[in-house]
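Both complexes shown next keep chain A, but they swap its partner, so chain B is in the first and chain C is in the second.
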Partner chain A sequence: MRSLFFYSKIYFRYLSQYLKSRLEYRADVLIQIVSALSAQIGTLIFVLTIFNHIPDINGWSYGEILFIYGFSQTSMALFSMFFSNLINLGRLYILDGNLDRVLLRPLPPLLQIIIERLDIGSFSTLALGFGALSYAAVKLNLSFSYHLLFFFVVLIFSAVLILGGVVLILVSLTFWVKDPTGAIAWPLMTIRDFAKYPITIYSAPLQVFLSWILPLAFTSFYPATLFLERTDYIFHVRMTPLIALLTWGIGLFIWKRGLQRYESAGS
Partner chain B sequence: MALIEVETLTKTFKISKRREGLSGALMNLVKREYQFVQAVDNISFHVEQGETLGYIGPNGAGKSTTIKILTGILTPTEGRVEVNGLVPHKQRRQHVKNIGVVFGQRSQLWWDIAVIEAFTLLRDIYEVSKNDFQKQLKKFDEVLEIGPLLHIPVRKLSLGQRVRCDIAASLLHNPPVVFLDEPTIGLDVAVKSNIREFIKEMNASLGTTIILTTHDLSDIEYLCQRTLIIDQGKIIFDGDLEKAKNELARKRKIQIDLYEHIDIDVIREKLNIAQLEFTKRNDYSLTISFDKNEISAINIIQTILDHFHPRDMKIEEPTIEAVVKEIYSEDI
Partner chain C sequence: MRVSILISLFVMENLRKSWRHLRIYIRFSKIRFVDKLSYRAHFFLVLTEYLLIVIVSYFLWKAILTDGRVIRGYSLKDMVTYVAIAGVFRFFINEFSGAISREMGGQYRTGELIMNLLKPVSYQLYIYFHAFGGILFHSVFRIVPVLTLWALLVGLTAPDHLAIFLTSLVLGALVHAGIAFLVGLTIFYVEDNSGILHATSAIIELLSGTLIPLVMYPAWLVSTMNYLPFRFIFYQPMEIYLGHLGKEAGIAVLCAQTVWVFALSTAGYFLFKNSIQKITIQGG
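After this line comes the complex of A and B, so read on.
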């Protein structure tokens, strides 16, 4: 077992290489950040105006909705920051045979893929998401004890892991379903928008789907309720870290099984 | 126990058959038909420590597939593989620390970063000391002339430049076992001979075990005491090609230029041996083909000297290409 020190060193070495190679294209980086930022501001304005006119939806106040939204954006941004390359796993690595190169290095393959690229645009999502979260917390007069702060870190961490785990499960299926369009990960990309709002506004089947099939509600709504001092969902809050472990467990299992079916590419 | 052991190894690929045209593509959505390709078909061989093994065969014979199994990239469909006591696809991370791999067709380097950055990243991954790293770089620069390439991003290198960097990268950590899949692809004559020299030297001084696939048979002639020939997934030859050259390519040719006008019938009459084959090249030159196990070249030459006035004579040795061609055709 190699030391944590070794892996952190390698992580930062990859990271600095990546940033160096990206900074060669300054304009490109700038465009990426600006476009991500404007998209974020767009949705934020949408949320602010819509919910400003409706004092409460389904029993959720404007501040609460903003908090859930901010929580969702924060976990999504952290997911993009650390795991965005997982989405390329299917086409770029499994089907195009780039996994060869990864498998020939004495490092865990998933680790290499995760750290080979990161999504620079997600920094702006993170800033806005965290901004919305903090603004809502102040507006709602939420008290954050050290206790709650600790839970916050654990729950955000779990939410990020759930997103990563779900993506890992979906893209690992590429080993079986040879899908060159990357459409396997597509449902996640669309459905994840549902997770930005309180799930009680959706129909019952959709709620079940978002909780127990594609557990996106555990990346925003359920964990956020802990800080909104709502006690109805305490079971779900407790489940959040477990779901994170479960999705990664299943994801890693499918990935490992798939790896044995890896066929490389013809050349 | 041999360093590399391959027993009854088989790798089957399942390929979905594609129908032609748009309607065919739609049909494919509804019903897929599959085809199985035995890329590697029940092969066995051992490689001892310190051997340089040539691995050749026509396109699509299964060479790269074998290498991918030996390096742990692919899981075999059937059979047993062991390298240095490790099963590559099962103990992959342990295994790849001890090997160096070059795929001439496809770079192992990161596309976007400069060559030297890629090398230092590899240095950290393989935990090579700074001292050793500098020594290696110096050595590689002498042989592969990579000095001027170090600060160029990999994607901007020419094929030959990239292959040189790939070779250097694969050997940075001084691996005891090296797999080279078409390492001389795209290299110019000078660099190619440098690399051959270097591989030979590495094998001699460090005892590195090498498996080499190539379409350039002179690589094999220069480097490999033993060669495997694979065709359609099956091994059809395992041994010394130089010896095979002597045993298999029995057909020799003598080219004779005469001062006088050539009349084949006259020559045939004097050289009254049934198995000879005469081909007139022009009015003053002809080629005589014969089986060297049945007739000695001296007999033919003596007869010619006795009856004609030769200006020049040349005995053609069989080339290694001819030998390989003969092995392929025997297989069919």
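After this line comes the complex of A and C, so read on.
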């Protein structure tokens, strides 16, 4: 077992190499930022427009909705920043045979895949999400303490891990699929939309699904309620880090099993 | 009224004359349609994705328009229909833009453009009709199944003035084709226009009404949008569908759409003529 120091050194090496290769095409970086922003700005405009006409959605005020949106956007942006390369597993790694290269190197294969690429566009969505979050926090006059700041960091971290874990579970299943185009994880990018709003607006079965089967509510709504001082969901808030551990446990298990099944596409 | 009859007579006459011509272009549509058919495996996946989008907006609007709330004339009953159609159209509009703007960029980059310039057909019409094949594919395999399912599960109101609605939908697609062609032409001036394409598709999403009925925007934006073509892509046909516009107003929409189709396509025609002057094709 090598030290954490070693891995973080490797991580920053990979990162700086990747950034260097990307920054060679400055315009490309700008394009990614514009593209990521245009894909995400819609929901924000939607919320801003709707609240010109109504005082609340299902008992949630403008500030609260914006806070939940900001929380979900922040965790999603951090997820794309760190784990988005997982989605390429099917096409780029299994189909194109890049996994062979990864397996030959003396580093854990999963770690290599995760750190090989970084979604530059997500810097802009992170700014958007964090902006919405801070604006909502100021508007709602939320109380601040170092306690809460600590919880915030833990909960955001857990939310990002849950998203990463769920995607890891889904993409690891590609090892069992004949046509590994990575399509399995793809509808998930749409399902994430469910997490942008309070889950109380959905029907009961859907709420159960989003909490206990595909735990997306734990990446935005439940953790956000802690800061909104809604005490009904304190159980779920406490569960959030546990769910993060659980999804990673399952994900790693399936990943290991899948990797054993892997037969190179090579010739 | 009389003007519209004259215009449609004029269009019909010309269509009849150029029927033989048109058959060539219909071939291009067929090619695209058959091309798309080869991706059948994704059918259920994409269908699920469409339904998910519609379901999110459905619950959202159900919470927004609770207790009989009405926003600028839109009730929950209207919105149930609106979100279903807007949901499938949002994807569809993206694909359609891609089939025109992105296709042009791809052809420019690979040099395939030059092969198409050598053919004795209009490049603009070729691109339009190629994209129409995609429309047909989407209508048959995506829009109709999703809406049928939605009608069975949740319910859809039947369209008012079906004929006017369908005509305005077709004209809306042509307005969109005109815009997408102009956007696609930017490839001649910048090396990589994918940022422009993404930004335009966001603008189209916001201003065509697939995200939210346009009347709900702040007044200054609503009045600005009256001078822009985007609302004719989706919002105006939808207003006809929901019966918010009467027959007369509906026909006025059709006339305005026709004017925009001609204006945008003519602009596209001249700009394209101008743009191919500066073309550099790499390799050979």
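Just so it is clear, the second predicted complex is superposed on the first by the 263 of 267 C-alpha atoms of A that agree within 3 Å, B and C clash if a C-alpha of one lies under 4 Å from a C-alpha of the other, contacts with A are read in each partner's own complex, and residues count from 1 in each chain.
In the analysis below, contacts are C-beta pairs under 8 Å (C-beta built on N, C-alpha and C of every residue); 3 or more make two chains touch, one makes a residue touch a chain.
What you see is a predicted model, and the numbers here were worked out from it, not measured in a lab.
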- request: Would you mind checking whether chain B and chain C clash or fit side by side on chain A after the superposition?
  value: fit
- request: Have a look at where A:101 lands relative to chain B and chain C in the superposition and call it first, second, both or neither.
  value: first
- prompt: After lining up the shared chain so the two structures overlap, which partner does A:264 touch, if you call chain B first and chain C second: first, second, both or neither?
  reply: first
Message: One more residue to check, A:8. First (chain B), second (chain C), both or neither?
response: neither
Query: Of the two partner chains, chain B (first) and chain C (second), which one does A:31 touch, if any: first, second, both, or neither?
result: second
Field: First (chain B), second (chain C), both or neither touched by A:201
entry: second
Message: After the superposition on A, what does A:58 contact: first (chain B), second (chain C), both or neither?
response: second
Chain B versus chain C - smallest C-alpha distance in the overlay, whole Å: 8
Field: chain B and chain C contact sites that coincide on chain A, given as residue numbers
entry: none
Task: Mind listing the chain A positions that touch chain C in their complex?
output: 27-28, 30-32, 34-35, 38-39, 41-42, 45-46, 49-50, 52-54, 57-58, 179, 183, 186-187, 190-191, 193-194, 197, 201-203, 206
Chain A to chain B touching residues, read off their complex: 6, 9-10, 13-14, 17, 20-21, 97, 99-101, 103-108, 116, 178, 259-264, 267
Statement: Contacts from chain C onto chain A in the complex sit at residues 41-42, 45, 48-49, 52-53, 55-56, 59-60, 62-64, 66, 69, 71-72, 191-192, 194-195, 198-199, 201-202, 205-206, 211-212, 216-218
Query: Inside the complex, what are the residues of chain B that reach chain A?
result: 13, 16, 64, 68, 71-75, 89, 92-94, 96-97, 101, 103, 105-108, 110, 112-113, 117, 121, 124-127, 153
